[in-house]
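Okay, so subunit A shows up in both of these, paired with subunit B first and subunit C after.
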Partner chain A sequence: MSVFILRRLMQSALVMVAMAAIVFFGMHLVGDPVDMFVSPDMDQADIEQVVRALGLDRPILEQFWAFVTSALQGDLGQSFVFGQPALGLILERMPATLELAFIALLMAIVFGIPLGLYAGLKPDSPVSRTIMAGSILGFSLPTFWVGIMLIMVFAVMLGWLPSTGRGETVDVLGVPVSFLTLDGLRHLILPAFNLALLKISLVIRLTRAGTREVMLQDYIKFARAKGLGRGRIVGVHVMKNILIPVVTVLGLEFGSLIAFSVVTETIFAWPGMGKLLIESIQQLDRPVIVAYLMMIVFLFVVINLVVDVLYSILDPRVRLGDRGA
Partner chain B sequence: MTSVRTPLLRAAVAFACAAAVSAPALASDLRIGVASEATSIDPHFHNLGPNNQVASQIFDRLINQGDRQQLQPGLAVSWKPIDNTTWEFKLREGVTFHDGSPFTADDVLCTFARAPEVPNSPASFSTYIKGKTFKKVDDFTVHVTTDEPYPTMANDLSVIPVISDEVGCGATTADFNDGKAAMGTGPFKFVEYVPGDRIVLAANEDYWGGRPEWDKVTIKPIKAGPSRVAALLAGDVDMISGVPTTDIGTLKETKGIVLSQGVSNRVIYLHVDQFREDSPFVKANGGGDIKNPLLDQKVRLAISKAISRELIRDRVMEGLSIPAGQLLPDGFFGVSDKLKPEAYDPEGAKALLAEAGVPDGFELTIHGPNDRYINDAKIVEGIAQMLTRVGIKTKVETMPRSVYFKRASTGGEGGLPEFSLILVGWGAGSGEASSPLRSLIATYDKEKGMGAANRGRHSDAKVDELVEQALKTVDDGKRAALLAEATERAMANLAIIPIHYQVNTWASREGIVYTPRSDEYTLAHYARSQ
Partner chain C sequence: MSQTPPVLQVEDLRTHFFTRAGVARAVDGVSFSLGRGEVMGLVGESGSGKTVTGFSLLGLVDPPGRIVGGSIRLGGEELIGRSERDWQALRGTRIAMIFQDPMMTLNPVLRIDTQMIEAIRAHAPVSEADARERARAALARVGIPSPDERLAAYPHQFSGGMRQRVAIAIALLNEPDVIVADEPTTALDVTIQAQILYEVRKLCAETGMAMIWITHDLAVVGGLADKVAVMYAGRIVEEGPVDAVLDGPLHPYTHGLVGSVPSQNRRGQKLTQIPGMAPSLLSLPPGCSFAPRCARADGACTAMPDLVAAGGDRAMRCHHPHQPPGETAVRATGEVAGETGRARA
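Right, the complex of A and B next:
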């Protein structure tokens, strides 16, 4: 297994380098960051001085080389806009995003699996039909629209929950988290649900499909014939077999929850890294964009690795070492 | 995400507005939802609107700018030139910083030494400081000398926040962000800064201008327009800036919401390629090459006459613009009282085109940003239709500002501006006419630092001379006359084609009134409870 993990990590290093190069040169083609942040009153000499100070006057290959050499020493460069280390800016906003993504994942599991199981066990009941119809909505409604609607209904009209922002935080091991305070939780619910909606629908559909398939299997019939209780059949024999696809998909989707919470964070003014990314893209803040995407690639690799390990635990037939890549 | 607008959404806003607005927080707290976020608390880190806006509440300047950017005594009680090249500033006595230490000339000197030298600054204040020598005469008198007469001294110094010699001048940007060095003399004290989420300020009890009304101010960046409006309706904030034009109509009808509107110092205008015989986006009818007709003043005038500024105001801007005939709205220093917005006259435009030798018009592409100014892309589309009506067949191309500005400034061959006709905006930070004149209209000249944003490369030696002369004339009356004369001449030649001045909108819950500022800043001490 360690060989497997090592090989995975080496592959990911290659992907990260390729990613950095593509983004680095891509951003160069898009536009000139200096145009984004110089003050209009500055004259030509002042502007040139900024260009020089940021190292943007040098040939692009030379800039890339400088980036690579310092990246190897763990320095991913300084944000043009904030003047702070890019990685630090991202890490500073990471807890907020991770928290949001975890709660959304939790919601996907807590709502998705029971609902999907029910719909799978009683496919023809009106409740199941409603669940399935709801999941289609969850899939097809655009996130930004749902987000605004959630704000409109729960914050503006009913006044139950706050509309935007992150509530009160407490430090746990030096990391600010908001789910431990009432105010924080209230702020979390809407954005987390907005982010989770698509995943809930996904889990419902996966669980339902899996349940229907597994219920027809011989071993279920056998278990029934053996006289096992319904609870045990569903809880152990069905659950264990439908969880494999659910875990795989959720694993992958967790990555996208973190990486692409951009829309939800923007709508709910959630101070996470997604908001930082979109603002950095608008301002052409190359160091932040490169660092962010490299980190996301790394994150995806790690998550996939964890998923594979979980796999081998859930299904003893899977042996990681043999599977090569 | 500012373009999240659907008919359904609008319906929802209308529906929600019918519901009562939730109960506000304590009257002495003010929570503001702002459209753009400051990148630092360090007032000298980045000369940028959102940063300056935050700095204006914690720090004072020697000379503060009022709601129409008129110069008001700040930390200096008076200022005057004592000879051709020296200005004397008398400082306010008895002012203390938030930590209780007294304000003196040393703070002023160290401020102007630090401001241009902040490491990693993307745009420093050096533009306003270079060429000036600061000298302390006594604790409350400072002399500033320049090599040549320098009339805009007070305007220049009215943009730079004054920090404390003791804790601020040796501090890094990080020290400001965690509050250690964020010690000013302004109406509010720094309390907390959570990047991306909020900035919290508290009243400065000992403020020299009188204690501010709000005990606690929370500034929350909410970038998405609909979310900002929703936060106000939900009662999560008391006031928002940058109300999206599409929501203004609905908010006006909403009980419990008040709007404040005010003209901005930002003029939206067209820059016209006036330096190339073969302009890249001008073609003869049918697509052949043609000698750039935009070089002809008559054609530029025809374009100006073809545009109905009233129609753009009513249909595109929902009433939120003021048709422009020059570079700054009425009432600002150095504007001409003779210039009026060009009247809509399509027949006159056609006649001018015929006179200029292009009776059947030509083909043109107009370029503009789509995420920079209020309704920018829609304005460009409207102008294109109007030009097409008089025979100039106009295509539209809009793009995000991150792509647009590079191409508009240096995207063409040899690092020249790429486009032929572009929509741009200019906000005069110093609040007087020399700012747009020297940057947009004066001949592009690297050596002199003139015409830095002159993307049409208009060049008129007479205008240059007038502007340069004005920039050396200390007498206010004479300088204003020179600036007005330069503006009149430039407008007669259509150096740029002004469209309108932007009108900005703030919305607040009932009981709070905001005094709109022409620099578009949202400042807690300009909000008052009724």
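Right, the complex of A and C next:
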């Protein structure tokens, strides 16, 4: 186990380095941030001063070296726009995004698993067909359109739920959270559902496929031959088997929930990292974009590791230390 | 043994599968009875309905299949027509089943103790500790070394033979009257098979439970069973005491089966084979289902023969049976067939 984790950590470091290089050089190909900070009435000397202040006058390799050395000390550069450390800006907005992603993940589990289980156990019933048809819609409708429709129906037409912002927040351990206040919860529902819809559909389909496959296994028939009740068979024998793929996929999808909350945050004006990213891209605030992408890569790496460990707990046949590769 | 009242009495059992292509009569009028401690071999080719017969006895036939008629009496109680709840209470306590592939019958993600204790606690309000003790004893009884440690293991940590022992131990947990064993040694190698057969034989003698051993291996039946029933296309075509049937088969199908088993005193001769294939249950010929493959078939075989008594507790379903062999012939083949059976068991 410890050998496995050590090896994984080294692989992860390699991924981080590669990503840093790709992102850093990639960013230099898209637009020149200097254009954003100079006004037409500035003369050449002033412009050069801006360029020097941003450190853009030096050769790109030197810039990269400076970035890497300070990144190793936890400094991912200063935002051009805010004049603050980019990492701090991102970390400041991370709790909002994490909260949204966690609630969306919870929704995916709470709605997805029971619906998928039902559809798997009674594949021919009209209810199951409706669930499956709904999951196809959930898969294929674009997030931004669903978000706009949710606002139209629930905020504008029915007026039940607010459509923008986080609402009232409370500090838990110094971090503001919405889900502990009624107002915050009301603000969470629409964006979280919007973000979760795709994952709910995914979990429904995974659970249904897993259930149908597991129900045909000899060990289910053997469990029935032992005289076990249906509740025990579905709740223990089936559940424990289908949770293996569901946990794996959900774990990996959690990373994408965070990374792709960009669209949802923009639509619902949710003050998270995604919204910051969109603003930074519009203003070509390179350090923030780079820091954001590094952050996301880091999250993916950590989540993957956690999923692998969880997987080994769920499936006794997988023992992490045994794996050679 | 057949004088004592039967533990299990099956009469005219019919289990049909209602598929889109038509009705498959997988079990079509099967009757037999089983006394205490008796072992019956249920023999036939793949698709002859032996496994479906086994599932029917536990009420485990899944749609599109359904038991459409007949009677199953366990200790005098009629089972057909019972509710699912009643069946659930019977399964694992009065009648248990062992499956063919030991790699598939244990849930891979649950520990052995979980899978054993739940089988006890599903039927009786037993404390966790008592149930564990019973599980431990059951493992010890089927010859699993250091059962305490093995209880905490997962199925993948066992070999195939050990897993089948665990499955047998689970079937034995609540001391059922009848165990249906569906080809439980087919997936195992010959030495493990011999060990398991020996243990099972011993357990039946010790506990007095009756057993239906479903197999296509005549040698296993010869070494294990008291009596044998041969199935073909959903019907029993011949039944009787195991030695009598294997030594002097009456039905041409049984005759063909016995003839296709290698034997020492026919060394160098070609094995006989039964021409053709087992028929599709969806398009059975009218009359005797075996007629298209039978050398003795003639016009009379377009009518379904009845299962008729043939003396000495035997019965068969044929218009043109083989003659019971003469006394000398019985001895000659009898010893050899018995010998092969026992040697392989």
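Just so it is clear, the second predicted complex is superposed on the first by the 317 of 325 C-alpha atoms of A that agree within 3 Å, B and C clash if a C-alpha of one lies under 4 Å from a C-alpha of the other, contacts with A are read in each partner's own complex, and residues count from 1 in each chain.
Everything below uses one rule, namely that a residue touches a chain if its C-beta (ideal position, glycine included) is under 8 Å from a C-beta of that chain, and two chains touch if they have at least 3 such contacts.
Remember, predicted model here, so these are calculated numbers, not experimental data.
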Fill in the blank from the handout: So, after the overlay on subunit A, do subunit B and subunit C clash or fit? They fit
Exercise for the section: Count the residues of subunit A touched by subunit B and by subunit C, then name the partner with the higher count. Expected result: B
Practice task
With the two complexes superposed on chain A, say which partner A:148 touches: subunit B (first), subunit C (second), both, or neither.
Solution key: first
Handout entry: Contacts of A:82 with subunit B and subunit C, given as first, second, both or neither
Key = first
Practice task
Check whether A:314 is in contact with subunit B, with subunit C, with both or with neither, and answer first, second, both or neither.
Solution key: second
Handout entry: Least Cα gap, in Å, left between subunit B and subunit C after the two complexes are fitted on chain A
Key = 44
Handout entry: Intersection of subunit A interface sets (partners subunit B, subunit C)
Key = none
Exercise for the section: Note which residues of subunit A are touching subunit C in the complex, please. Expected result: 217-219, 221-229, 232, 236-237, 240-241, 244, 314-317
Practice task
Using the touch rule from the top, collect the residues of subunit A that touch subunit B in their complex.
Solution key: 30-32, 35-47, 49-50, 53-54, 78, 80-84, 89, 92-93, 96, 144-145, 148-149, 151-152, 155-157, 159, 162-166, 263, 266-269, 271-272, 275-276, 278-279, 281-284
Exercise for the section: Could you please specify the touching residues of subunit B with respect to subunit A in the complex? Expected result: 1, 4, 6, 8-9, 12-13, 15-16, 19, 22, 33, 37, 39-40, 45-48, 119-124, 126-128, 173-174, 194-198, 220-224, 226-227, 230-231, 233-236, 371, 400-407, 409-410, 426-427, 429-430, 435, 439, 446, 449-450, 452-453
Fill in the blank from the handout: The answer for subunit C against subunit A in the complex is residues 58, 60, 88-93, 96-97, 99-101, 104-111, 114-115, 118-119, 122-123, 154, 156, 167, 170
